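Pasting in a structure now, in structure tokens, and then I'll have a few things to ask.
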Amino acid sequence: MDLGLLAIGVGIVALSLLGAGLGMGMAVSKAMEAVGRQPEASGKINQILLVGLAMVESVAIYGFVTALLVIFVLGAK
Amino acid sequence: MDLGLLAIGVGIVALSLLGAGLGMGMAVSKAMEAVGRQPEASGKINQILLVGLAMVESVAIYGFVTALLVIFVLGAK
Amino acid sequence: MDLGLLAIGVGIVALSLLGAGLGMGMAVSKAMEAVGRQPEASGKINQILLVGLAMVESVAIYGFVTALLVIFVLGAK
Amino acid sequence: MDLGLLAIGVGIVALSLLGAGLGMGMAVSKAMEAVGRQPEASGKINQILLVGLAMVESVAIYGFVTALLVIFVLGAK
Amino acid sequence: MDLGLLAIGVGIVALSLLGAGLGMGMAVSKAMEAVGRQPEASGKINQILLVGLAMVESVAIYGFVTALLVIFVLGAK
């Protein structure tokens, strides 16, 4: 079995985390901007931001679990 | 059977999560901006945001299920 | 039969989900912006958004069904 | 017959769905923006959007039918 | 005959549909923007949009017919 190709596969899996990281960063950056404009709305912003980030987080977890499965399920053979 | 190529295949499947993560991040970031401009509309924004994120989440789940199927159905042969 | 190449094929099929995820995210993000500008139009926005997302969802389902067919029809041979 | 290369071919066919998904997302996102600016025009916007999305949908269906043909016509030989 | 390479060829042909899907999406999105700015011009916008989409549709049909020809004419030999 070619462990090198397996590692490249895990790498491409992990690249999917790139989208989640970038997306979360965009969301948080706009939240900062919004609080900077309307500080009195920081409670509502925080609440919606957390729900949104949790949804993006779920996508990141899918990528992470996929990477673990490739390492432990395919790598164990 | 070449497990290395299989792992690369799983990786390319997982790359589809990149679009969902980035798309969700864009949606949440604009929701932040909207709440920052109209805090009193945060209830409506939150409601439409959740429906939209659930639709994007379904696309992420399609990608995740496909990755699992490649690992367990093709990987078991 | 080369399962590795088959898995790479499934991966490229699944990449089509990237467009649907990103496209939906763009649609939801602009819906957020529109509700932030015209909260009283949120009913109409929500209605048109749902029809639009359902159309994009159909494209995502085409990609997902194609991936399943490759795994189960071609993978069974 | 090389099923692996056939699967990669199906994958490249399915990539054409990426354009339809992204294109529809762009169309819906601009429709959201337009309704946010002119809520009273939502009827006209919805009507033109649906005709446009149906045209893009036809392109997605061409790609999906081509993928099915490759799987079942070429894959059956 | 190498059916795998034939399938990859069909795939590259079908990639041409990506441009049509994306291009139609761009056209519809700008039509949405235009109706949002000038709702009273929606009749003219709709008319020009339909002519434009029909032209792009013809390009998509060329790609689809080419893919069918590769599958049925070359694939039958």
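For clarity, chains are labelled A, B, C, D and E in written order, and residue numbers in each chain start from 1.
The working rule: a residue touches a chain if its C-beta (ideal position, glycine included) is under 8 Å from a C-beta of that chain, and two chains touch if they have at least 3 such contacts.
According to UniProt, the chain labels map to these proteins: A, B, C, D, E = ATP synthase subunit c.
Note that the structure is a prediction, hence the values are computed from the model and not measured.
Chains that count as touching both chain A (ATP synthase subunit c) and chain C (ATP synthase subunit c), per the definition above, are B. Matching CA atoms, the turn from chain B (ATP synthase subunit c) to chain D (ATP synthase subunit c) amounts to 45°, rounded to the nearest 5. If each chain is reduced to the centroid of its CA atoms, chain A (ATP synthase subunit c) and chain B (ATP synthase subunit c) end up 9 Å from each other.
Inter-chain spacing, taken between the CA centroids of chain C (ATP synthase subunit c) and chain E (ATP synthase subunit c), is 18 Å.
Between chain B (ATP synthase subunit c) and chain E (ATP synthase subunit c), the centres computed from C-alpha atoms are 26 Å apart. The multi-chain contact residues of chain C (ATP synthase subunit c), meaning those touching 2 or more other chains, are 2-6, 8-13, 15-27, 29-31, 33, 35-37, 45, 49, 53, 56, 60, 63, 67. Across the interface of their complex, chain D (ATP synthase subunit c) is touched by residues 1-6, 8-13, 15-27, 29-31, 33-38, 40-41, 44-45, 47-49, 51-53, 55-56, 58-60, 62-63, 65-67, 69-70, 73-74, 77 of chain C (ATP synthase subunit c).
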